Amino acid sequence: MKKNIGKTRIGFFSLSCCEGCELAVLELNRDFVNALGFVEILESRILREKNPEQELGIAFVEGSIVGKDDLEKIQKIRQRSKFLVAMGACATIAGIPGIRNSLPEKTKSALPLHAVKKPLAAVHRLSDFVKVDFELQGCAINEKEFLKILVQLHHGFFPRLEEVPVCKECKEKENPCLLLKGIACLGPVTYAGCDALCPGVKAQCIGCRGFTKDANFASLKSMFKEFGLKGNEIKNLFTYFNNNPFEKGGF
Amino acid sequence: MNIFQASNCPAWKFLNDFCVIVLGYFLKKKNLLPYLEFLQEENGLQAIVPVVNSNGATCFEELSKENSENLFLDSKAFFSAKKFFLPNREREFLFEKKAASFEIHETIKHRHKVLFGLRSCDLHALNALDKVFLDFYGYDSLYRNKRNTVLTIGLECLKPEKNCFCESFGTSKPDFFDLFFWEKKDGFFVEIGSPEWEKLYCKKFFEKTRENRNSQKENCSLKLETKNIAELLEKNFENPVWEKESEKCLSCSSCTQICPTCYCFAIEDFFIPGTEDSERYREWDSCQLQQFTRINAGIFRQSRKSRLRQFVMHKLSFFRQQHNVHLCVGCGRCIDACPAKISLVEIASQIQKNPIGAD
Amino acid sequence: MHQFESPLKPELAEIIRVKEETPFLKTFTVRFLDKKKQKQFSFIPGKFVMASVFGFGEMPISISSSPYQKDSLQLTVNAVGNISRQMHLLGKGSVVGLRGPFGRGYPIQKFRKKNIIFFSGGCGMASMRSAVYAVNAKKELFGKLFLFHGCKSPQELLFAEDIAKWEKEQNFNVFVSVDKPTPDWKGNSGFVTDLIDKVDFPVENTFVLMCGPQAMMNIAIEKFRKHGFKPEQIFASLERLMHCGIGKCGHCNIGKEYVCVHGPVFSGSELEKMHLREG
Amino acid sequence: MHSDEHFSLENITKIEGHASLEVQLKSGIVEKCEFRIQENHRFFEDLAIGKSFEEIPLIMSRICGFCCSSHLNTAIEACEKALGFEASEQTLLLRELAINMEFLKSHALHLYLLVLPDFLGKESVLNFDKKEHQYIHDALDFKKTATDTLNVLGARAYHTVNFRVGGFSKFPEQGQLDSCMKGLEKMRSKAFQAIELFSKFVSGQIFERKTNYVGLVGQGYCLLCGSIQCSDGTVIPEENFLSHLEEFVVPYSSAKSAKFDGKEFVVGALARINLNGKELCSDAKKAIKDSNLKFPNFSPFYNNPSQAVEMLQTIDSSIKILNEIKIRQEPLQKISPREKTGTGVTEAPRGVLYHSYSIGSDGLIKKSRIVVPTQQNSKSIESDLRDFIPSLLGLQKEKAGLEIEKLIRAYDPCISCATHFLKVKWRKS
């Protein structure tokens, strides 16, 4: 007989970010209230006044690691949670704060880094420092995907990132392909899960869900060159969100 | 099975192929939309028509007040009507937890539809899908139930597009339809293809005619020699062309998503939030993705080369060996859709030019 | 309009016994809740069922019990991923879904009066056990029997009791090898494929049945061929990803074959024509 | 709380971002009061350098999750001004609609989820009992109406994607907008209730402190454009904002503070109604009267009912826009770059928001400058606390702490935004 699984204890944490991902969770609306039936939000700086540190089933962490205090914080969170889910582009691919890593050397060295209390040389995603069990991609995350993995983890199913590019969902949505019109789109190298949001409104995918491991950058880049994009334009596009120092799709 | 068997019957084929005068009616162009609306309102069918969608792509949608102005009849739709038989996401079962056990509810949901505007290649594509889902080691009920409640109205193609090569597969001549509309000056010659057609009959709009169905279709400029292609490719499994072409490939899976005959799907279970009940879904999958062959021991088709090869070989060789038809109907959609401009015609003809083991 | 019952619909079955074989392998004895279904259920060794753990998914699992065992069937499951790990958490009385049997099993009928070599590696032993049981039950009909089995460590030896029993039987030559032996391991060590060169077995009138990791089978087939076996004498069971089990979903496609309906057991001559190494 | 006390509130919760407070009391007088913003810098002003103007809005949207649309639209406005581009009327209307919805969403979340628990004496919304659950539903309903509309406008509620420099990559469909209108109309009665609810909480409040209020004033209750007005009578055009602003570094905080013409000032909902209350829609005015709210008002706590009034205001002005608009699909304008600086000033939910970019002839950003509301308010928060804390003497410590947090929360400080824009010179000791 299956045991009664009880409520899953979760916490939300944010490092350096805009906190939009935690808000995006509220997009579940009624489903959010219903979810409170099987999860218990033990920690959330936005929703809770008192946040004593306790053992957690799942820690959802947004934001990237900018300084050593972020690092210490995430290490502590890791220690006391069974699962750690990185949430949003900042936490999974260094995201917008990580543009700092991709700045030209001159600008980078002139940055007033001392404004960060204990600065790190680069902005990092979580998995550079701690074990991350699952990455919820996107800027901001897709709330339906959040619910899906919350439910799966609650039941003991370990979700895994599948190597599916945005183009798959783009085709399902029946959008006209932008690459065919000569517009540079990162869909073929970006993880799906957003329902091809941007191509759906005729805007190119800018890679907020991170690059797939299977990505063929060489082919895409040479395609962009054929479209007439200049070197720095291609670089800007590839480093819109994908700025993690260890993995930047060739930049 | 309700699909009219006679369309496969040799006598019927003979009649159709060699007699110029066929039984049929005439429908005026201006009556087309009223006719489709009639089918929707009077005959209670859900009319699916090719339209330009809000993003500017051509695809099949249910006819409605909003999109009736956007009817697209110039050429084949960019997105095929495959989704009405194999939706990209479809619930198979609901497993309801009942005490220690479960109750299984099967999804049986389908509306009687009429699909208008299928081109000859689309009709042949349906036939290929039928082979897999109606009689290949059993049937698939989700497909079968849908297939049995869909009536098809084909539409003649006058001007093939740049990447069309249906003639190479002999799929330029329509087969397997309930009605087929041949383009005529200010109207259509309506050919009857199955006994089901009566459900589509409308006295108000169908006129008796002396017209014939003579086709004015232009020939495709793109050609592929398909004789023995299956055997040739099988021998050229290690041809360097695969490696060369796959360097361009983005593995975006657009080709398989858009192909009217690609049918591979994945099955997944999901819990319904807050309950012990779960649902089983089926979703399009694609041989272009690594996960397609991932098992505990590893990924069988890890390289881009082997995945691209699987696509082309399945189309032109494997399926042919299984079912005696090609899994390609020459619609050219995969060539249209490929951002890297990879073309299976190009690959096949390169291999034809430079086969390995030619002796 | 007439509705068609879905061939994808699982039948409910109850777990009546769970046996822990090795740290990662458990054997589940299951019985259909529907008595009629249980009665009708018959299979040829090598065939598999699709087992559902509701909410987690469905996976192909070979039947590891004897085809002559009528009141229940056994599934030996390796905990590798989501569904299989969840299955391991289920106990007696839990309800799972089963569909099948599917595929083509070992053509045991053809082997009458012939010698048989059972060759398995790792949890390939699961489907092999069923074949051994089937043959062993009517031993008088067959020639000499050989069993080769390899696993990583003595700890991971599957069906140790069965193997011990077979070892004692007459006319049954059992060879077990472990890759990494422990000090107390008395049997063979090294890859099981190495045994092919060491053991004497007849080639004439002998059939080889094979199940295990593809890398092992590739080597084994090569070696058996070197010893003079013709492709028709070899039968191997392949593993591929399967979602439907009825030749529709496309995952297990290799060339013109679908492993789920044309296999999982293929003869050596079929295997030669298949694209097994795609890279 | 004693008259001599040193205390600090670490990690103030239920606000957007990371902040803390340190207070030193001596003989009943506040000697030290430091409102510390503790977020790490993300250097948005520097990140912009070298990016093309087309990319800027989407990057700036990520400054803050609470007011992403405001940052996005302000950045677009700044870029378009630099490029000398005038957006179509339809585009402007839809942008205004987006800002209105941003207000509704942000105010509703702040009031119901962050402020309300204080007044109901609950630790968190998560501890609300059955009866109070209705408030959560109300909050989510307001938010849903707003984000549904934002979804229609921008494809995603947070960090919308199709607002672009030059217009929209794709305009929403008329049918979808019509259904947004229905949703908004349904929420009107709830908005009246909200005003009543939140004005009840301040009815006994006597604390007030006269200060300067700054906001956009122009045609109607304007949020997108207008001229900057200060309650001392100064009126300046948007572009000149920075020259009147004096920014200075406070050593204990990672964000700068600011003064307007040398005086500290307040921006936000209260400032807007104080300055521009006459332009509120008639129903909002009526609701103010019905719930006995008095404007102009000098109590920081009145920021909360002001936000509630603005919720009704934004619903009504959105309905007006939706009534007017008939969508025509216009292609996205391709703009050729020119060398110039452009400034965009809008009202964000928390107050005046300023973006300015210098674009080079190659279309790349050369210089950028951003001033956010919380940064402007931080000086006032401290001054308010200086005046407020002595009135809490004799209260239990915990209670006093709660009162202090209430006041801070009333400002709806948005810390995420506040920190990212300064080059702080830290004193090396």
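The letters A, B, C and D name the chains in turn, as written, and every chain counts its residues from 1.
Operating definition for what follows: a contact is a pair of C-beta atoms (placed from the backbone, for glycine too) under 8 Å apart; a residue touches a chain by one contact, two chains touch by 3 or more.
None of these values were measured; they are calculated from a predicted model.
Under the touch definition stated at the top, chain A and chain B share these contacting partners: C, D. Of all chains in the assembly, those touching chain A and also chain D are B.
If each chain is reduced to the average of its C-alpha atoms, the one that sits nearest the average of all protein C-alpha atoms is A. The most distant chain from chain A is C, comparing centres defined as mean Cα coordinates.
More inter-chain C-beta contacts link the pair A-C than the other of B-D and A-C. In whole angstrom, the spacing between the mean C-alpha positions of chain B and chain D is 53. For this pair, chain A with chain C, the centres built from the Cα atoms lie 42 Å apart. Mean C-alpha position of chain C lies 66 Å from that of chain D. Distance between chain B and chain C, defined via averaged C-alpha coordinates, is recorded as 38 Å.
Looking at chain D, residues 170 sit in touch with two or more other chains. Among the residues of chain A, those in touch with two or more other chains are 1, 155, 157, 200, 202.
Within chain B, contacts with two or more other chains are made by residues 55, 100, 270-271. The chain pairs satisfying the stated touch condition come to A-B, A-C, A-D, B-C, B-D. Interface residues of chain D, counted against chain B in their complex, comprise 170, 173, 175. On the chain A side of its complex with chain C, the touching residues are 1-2, 155-158. For chain C in complex with chain A, the residues that touch the partner chain are 55-56, 82, 86, 89-91, 93-94. Of all residues in chain D, those touching chain A in their complex are 11, 13-18, 39-43, 46-47, 49-52, 55, 58-59, 62-66, 68, 109, 113-114, 117, 123-126, 133, 136-137, 140, 143-144, 147, 154-159, 161-162, 164, 169-170, 254, 332, 416, 422-426.
Against chain D, in their complex, chain B makes its touches with residues 54-55, 66.
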